[in-house]
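Structure incoming, see below.
Naming follows writing order (A, B, C and D), and every chain is counted from residue 1.
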Amino acid sequence: MSSTWSNNISFSVFGESHGAAIGVCIDNVPPGESIDMAKVMDFMARRAPKKDGTSTMRSEKDTPQIMSGVFNGKTTGTPLCAMIKNTDQHSQDYSKLSKLARPGHADYTGALRYRGFSDPRGGGHFSGRLTAPLCFAGAVAGQILERRGIYVGAHIAEIHKIKDTPLDPIKTTREDVIALRERSFPTISEAKGQKMIEDIKKARECQDSVGGIVECIAVNVPAGIGSPIFDGLENSIAQLIFGIPAVKGLEFGAGFNAARMLGSENNDEFYVNDQGHVVTRTNFHGGILGGISSGMPITLRVAFKPTPSISRPQETVDYSALKNETIAIKGRHDPCVVPRAVPCVEAAVNIALLNHMLDYPNF
Amino acid sequence: MSSTWSNNISFSVFGESHGAAIGVCIDNVPPGESIDMAKVMDFMARRAPKKDGTSTMRSEKDTPQIMSGVFNGKTTGTPLCAMIKNTDQHSQDYSKLSKLARPGHADYTGALRYRGFSDPRGGGHFSGRLTAPLCFAGAVAGQILERRGIYVGAHIAEIHKIKDTPLDPIKTTREDVIALRERSFPTISEAKGQKMIEDIKKARECQDSVGGIVECIAVNVPAGIGSPIFDGLENSIAQLIFGIPAVKGLEFGAGFNAARMLGSENNDEFYVNDQGHVVTRTNFHGGILGGISSGMPITLRVAFKPTPSISRPQETVDYSALKNETIAIKGRHDPCVVPRAVPCVEAAVNIALLNHMLDYPNF
Amino acid sequence: MSSTWSNNISFSVFGESHGAAIGVCIDNVPPGESIDMAKVMDFMARRAPKKDGTSTMRSEKDTPQIMSGVFNGKTTGTPLCAMIKNTDQHSQDYSKLSKLARPGHADYTGALRYRGFSDPRGGGHFSGRLTAPLCFAGAVAGQILERRGIYVGAHIAEIHKIKDTPLDPIKTTREDVIALRERSFPTISEAKGQKMIEDIKKARECQDSVGGIVECIAVNVPAGIGSPIFDGLENSIAQLIFGIPAVKGLEFGAGFNAARMLGSENNDEFYVNDQGHVVTRTNFHGGILGGISSGMPITLRVAFKPTPSISRPQETVDYSALKNETIAIKGRHDPCVVPRAVPCVEAAVNIALLNHMLDYPNF
Amino acid sequence: MSSTWSNNISFSVFGESHGAAIGVCIDNVPPGESIDMAKVMDFMARRAPKKDGTSTMRSEKDTPQIMSGVFNGKTTGTPLCAMIKNTDQHSQDYSKLSKLARPGHADYTGALRYRGFSDPRGGGHFSGRLTAPLCFAGAVAGQILERRGIYVGAHIAEIHKIKDTPLDPIKTTREDVIALRERSFPTISEAKGQKMIEDIKKARECQDSVGGIVECIAVNVPAGIGSPIFDGLENSIAQLIFGIPAVKGLEFGAGFNAARMLGSENNDEFYVNDQGHVVTRTNFHGGILGGISSGMPITLRVAFKPTPSISRPQETVDYSALKNETIAIKGRHDPCVVPRAVPCVEAAVNIALLNHMLDYPNF
C-alpha cells in the first residue's frame, strides 16, 4: 500500500505534485481534540519555502482545508480528511522531462513500478510536495500530544559538513523545543546557522545542492509506550521517516557511534531521581529500549541527501527509448531540502508517538 | 501488534527466551517452493554462537521443526509455521534479576508496557533468541529469492572502530555474496577480521563488550519493486531491521555520508550499458529511488550497540521497589552480537525483498 | 479503523452527511486503467433518489471530483482520491435531534463511541450518504473488472414480503446483468416491481417504511480467486456489505435454505462441460467453496431493514439527560432504502472481487 | 492473508488436517489475564465429536499446548501461540481422493488457488479441524470477557427444518448462557433436541447429511464498542464467522425477517429503565446500531450447510485430468457439523468482542 500507513492510526497520503490537490485521510484520531488551525498553519509555514535564499522561489501557499472529521472545532473521531489545492504549478517546466530520468529522482523507478502510468509532472506522487499533508497530520498529532505535555522539536544538525551544536539528550526542555520552532533557520548555534545559509547559497550559485542532517527530540514521553520486535517506536518512526523523500539514514540515540563504543560506555545506568522517577545518567539509548519508551527524551538523527534537482548538465537516459541523453534540470528547486525538512521529521515523530500513545492507559 | 509484520506477507514471531518454544508463523508464502532444510540449517548455523571466542559459550542447538505449510517438501501457500524448542535454559541464572533493570535492556520498559506480566527470564520475548525464527523465515525467503537469481549477503563492516574493506556497491557478484557466507567470521579482509576477533576477546576479558556495523548487499534485484512513501523498500527493510535487538542505526547507499556531499557528487548518473540495461555509474543511492529498486545492488549498513549484558558491576534500580541497586550480570553472554547478527540482517532483507517481489508481474 | 478497509486494496471512506464533503481514498488501484467518468456517473445515478415516489425528495447531485490518482484519463497506480461536495444540506431539520436518539439509528451508540463528539447532523459519518463514495469506488472497480469480462449486477429480490423472480444462478449472462442496470426500478418481473413500488408508496403515506432484500450475482469470475479461512471471498464481501447502513443479513448461494437441505440435495456435483471447463450442475454453493471462487456465478442476498427514519411519533430517550421523550422525525427520508441500495451492494462486491483479482496471475 | 485476521488483535491460524500440528498465534492479548486451562479444555471438548451418534467416530483428542505468551499462568501480553499435535490421522482414507474434487469441498478451488500445491490430505488447511485453534483462541478470549461480566453462548436453533425455541433477545441472562454450555446437545427445548438427534442419525443411516442454524447471544456487552462502516461489530463478527467452514449465511437481530417488517414494527424504541440505563423495548437490532453495541444483548444466527462429505456415490471430476468420475467418500464424517459448530460460533464472537473491547476506556 504505497501511501497508507496503518497501525493504531491509519493514515493515507494522496495526490500528485501537479494534480488537482494533495491531501491526507487520517482514521482513528481520538475524538474531542481541539484543532487550532492557526497553529496548524504555523507548523506548515515552517515547511514552506524560506525567504532567505536557501529555498526554491516558488511560492507554495499551502492552505489545508478540512473536509471531514472536525465538528465545532473538535475532532469527531471519524476520519479526518484534509486537502490542499495545487495552485502554483508550472507544468511546462517539466514537459520535456517526461521520458528523461532525472538522476537521483524516482522518474525511472516510478515509471517501471507503475508500468508507465505514473504522473510524471513534477515527480507526481513521488514529489516532495507530498510532505505537506504529512506536516498537516503531524501538526494535528502534535497538538494532541502537547495537550498531554509531550513536545517534539528538531534542528538542522549538519549541512554539508558544517555542524550545529547537538541537542542535550538529557536536559532539553519543552521550552527549548518551542524556541527552536520560532527560528526561521532552526539551528542551536546562530553562527553555525549563518555558515550553513552561506554554504547553501553558494551551492545554488554553483548550480549545485547540498544535504544535511536533522536531529529531533521528543520530551516528556511517558515510559512504557511502544512494543517489542516489529511494532516498536523505532520501527514506526523508521517507517514514517523513510516516507520523506531524500532520507538516506536514521539513527536513534548514539546511533552509529554506539557501534564504536564499549558496553561499559554505552550502557545507560539507571537511578531513581529526586522526584522518585527511574531515569538514566546518560542517554545513549535515545529514550527507547526494546522498542518501548524509557521516559528519557527520545532522540534521533535523519540524514538527507543533497537535492537531486540541479541545473548543471548531467548524463542520463531516455528510459522509454533506452538511449543515453544529457539533462539540465530547469525550474525552481531547493538547493537544500534540509531546512524545510525539519518540520517533516517532527511530523513523522508526532504521528508515530500519537499512534503508540493510543495504547497508553487512560490516554 | 508487537511481533507481527503484515504487508504482502504476514509474519508473526512468537516465544520467550526461556519458554517452551520460539517460532514463527508466515502467511502468504508463495506455493510450490521447495524448502531445502539442510540449507536452512546452514543459514541458522551462522547465527549460532561462534566457537572462536567471540560468542557466548551456551550451545544453542536451534533446530526448527516445520509444523505446517510444507507438503512433500514444497510450500503449500497456506501458513508456514516453524517452531524451535527451547532446551538449554538456565533460568536460575536470571532468577535474581527479575526486578533489577539490566542497563541497556528492556527489562524496565517491558515491565511497564506489559504491567509487570512480561516473562522476565532471559529477557523473555525481548531476547535476542527471537532472531532465530527471524533467521528461519529469512532462510526460507532467501531460497525463494535465489531461485529467481536474487542473492543477499552481508559482512562485518566494523567492530569497535576496526573497519573491514567495504563492499563494492556496483561490482559485487552473486559469487562474492556466497563466498561471504562461507566464512565463519564474515569479513572481506581476513586480516581485519582477525583484528576484530582479538578486540572482541579483549572486551570479554575486560568484562566488557563491543558493538559494530553490518553491511548488507542484495544483487540482481529487478528494477521496479517497492512503492512510494510508506511502503517502499527502505520502509519495509527499516521496519524489519529495527526488529533486531541492539540495532541503533540504518543507512542506505551513501547514507549519512550523502548528507556531506554535493548534489553533483551524490547524484548517480544513468546510462544504458552494453546489455541494453539502464544502470548508474555510481551507486550512492543504494539501489533504491523513491522506495523502488533501480536494478543496481541494494546496499545498507546497520549499526549495533555493544551487548548490554556485561559482567562488571553497574548501577541500576530495582524497578518494583524504586530503589537504587548495583547489578553484576552473570551468565554466558556474547561480548559482541555483531558476528551473529550478520545472518539476521540478511534475513530481514530477504523477507522485505520477497514481500515486495510478490507484486512483481509473473513472480 | 472505522472506515478503512485494508486488504490488497486499501480503501478509506471519509466525510459526514452535513460536513464539507464526503469522499474516498483508494490505495493500490492497478495502474493504466481507463476511467470512464460518464459510466461512473451512470452508476452513481442509480444510487440517487428515485423520481418514482419510492425515495426521498431531496435532490442529491453527487458529482465526484477526482483529486488524485488519475492522469490523462488513466489510473496512475498511486492513491485515487475522489470527493463529493455536500450541497443540499438542511441542517436545521436535524437541529433538535441532536440529543434525542432516533430509534434504529446510531445517534446514541455513536455518541457513546465518540464520547459525544461525533457530528450529529444527519447522522454524520453514520449517514447513508457515505454509500456515495462506496459507489464511486465500486463503479471504478467495476470498470476494471468488466475489462476482464467480469460483470456484477443486482436486483430487488424482495420488498416487504413481495418477491421478485430470483436470478438463475447458472444461466445468468453478462447481458442479463447489464439489462438489470438499465431498469430504473431493478426487478426481473416488471409486475412484481410495480407491486413493490405501490407498497413503498403506501408505507410512505402511512408515515412508515419498509425493508427488503437485494440479490446480487457476479458472472465470469475465474475459478481460483480468494483464500481460505479469514480472507475468503465471503469474508471480504461480508466485511464490505456490513459497511452499508441497514444491512441485517447476508447469505451466499442457498444461504439459510442450505440449512434445511440434505447433503445429497445441497452438494453441487461437478462435471466437465462441452468447453472442457469444470462446472457444477447446480449452484447452491453460490460460486464459492472454501473462500475461493469455483468459476460458477457468485450469488448472494442481502437483507435490509426498513428505513429507521419514520415521521410518526416514537418513544425514545434524550441520551444526554437520560430522560424519556417522544420523537417525530421530520425531514425528507426514503420510505425504503432498498432501491437505492442495489448499486451499493454491487459496489461492495466489485471492490471485493477486484481486491482478490489482484492476486490472480497476470491480472 | 488467508488465515490471519488483523485488527486490534492479530490472530493467525495455521496447520493442515493431516500435517504435524495445527495451532494459532495470537498477538496483542492483554497482559496479566489468568488462563484456566481446565476451562479451555471444557470449551474445546464441546467441539469434540459427540458420543450420541451425531458425530464422526474419530476420536480427536485435541490438547492444546501453550508454546508462548503465558508465564506463571497469566498472559504476558506478547504473542500467545498454542499448538495441537495431529495424532489420529488416517491419511490412507484420503489417498485416492487427491485428484477427485469432493462435491461441496474446496479440493478443486484450493488446488487452483495454490497451483496444485495445497495439502490434499483431509482437506489440508481447508479442513474443519482448523476450527480447533479457533476454539482455543475463543476460549481464551471468553475467559477475559467473562472477567468483565460478558458472556457469550449459543444453541442449535434449527437442524434440517426442526426448530428449537429461540433465545429471548431481551431477557436471556448470563445463567442461561452458562446452562446452555452444560448441555451435551445444546438446545433450549430438550424435546426438539431429541428430534434433531434422531434426524441426524437418520441422515447418517441414509449415507446423507443435514445442515442447520446456530443462534448466538452475547449478554452484558457495554454500550459503545465497535465502529462505523467497515470496522463495526457486524463486520468483525462476519469476517470471523465466514472463516468457519460450511457457513452460508449470517444475520443479526431480526436479520432476514427485518426485510419483511415495517419500520414502525422493526424500530426498537428506547427508554430509560429503572436502573437509569438506556435500553430498548424490543431487540430487533440485535444489540448493534451503526456497527456499535447498544448495550442490549447481541444476537446473531449462522446458517450451516449439510456436511458435504457423504458416503453415497456422487458425480464429480478428476480435476487434474479434466475427466468425469464418480466418487464415494469413505472415512468417518460428521453427518451434521452443527452440534460441533456451536462453540466455534461462540469462539468467533468472543474474539470479535474482545478485539473491540480493547478500545474501551479502562478495559
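In this section, contacts are C-beta pairs under 8 Å (C-beta built on N, C-alpha and C of every residue); 3 or more make two chains touch, one makes a residue touch a chain.
Just so you know, these numbers come straight off a predicted model, no measurement behind them.
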For chain B and chain D, the touch-path distance in steps comes out at 1
At the largest C-alpha centroid distance from chain D we find chain A
Here the gap between chain A and chain C, centre to centre from mean Cα coordinates and rounded to Å, is 39
Note: chain B sits from chain A at a C-alpha centroid distance in Å of 26
Dist(centroid_CA(chain A), centroid_CA(chain D)) in Å evaluates to 46
Residues of chain A that touch at least two other chains are 1-4, 13, 78, 113, 125, 228
Chain B partner, complex, touching residues on chain D are 1-4, 6, 10, 12-16, 19-23, 25, 27-28, 31-32, 65-69, 71, 74-81, 83, 113-119, 121, 124-125
Residue set of chain B touching chain C in the complex reads 78, 228, 361-362
Within the complex, chain B is touched by chain A residues 1-5, 13, 101, 103-106, 108-110, 112-113, 125-126, 130, 158, 160-161, 203, 208-213, 223-232, 234-235, 238-243, 245, 247-256, 258-272, 276, 278, 280-281, 284-286, 288-294, 303-310, 312, 314-317, 319, 322-324
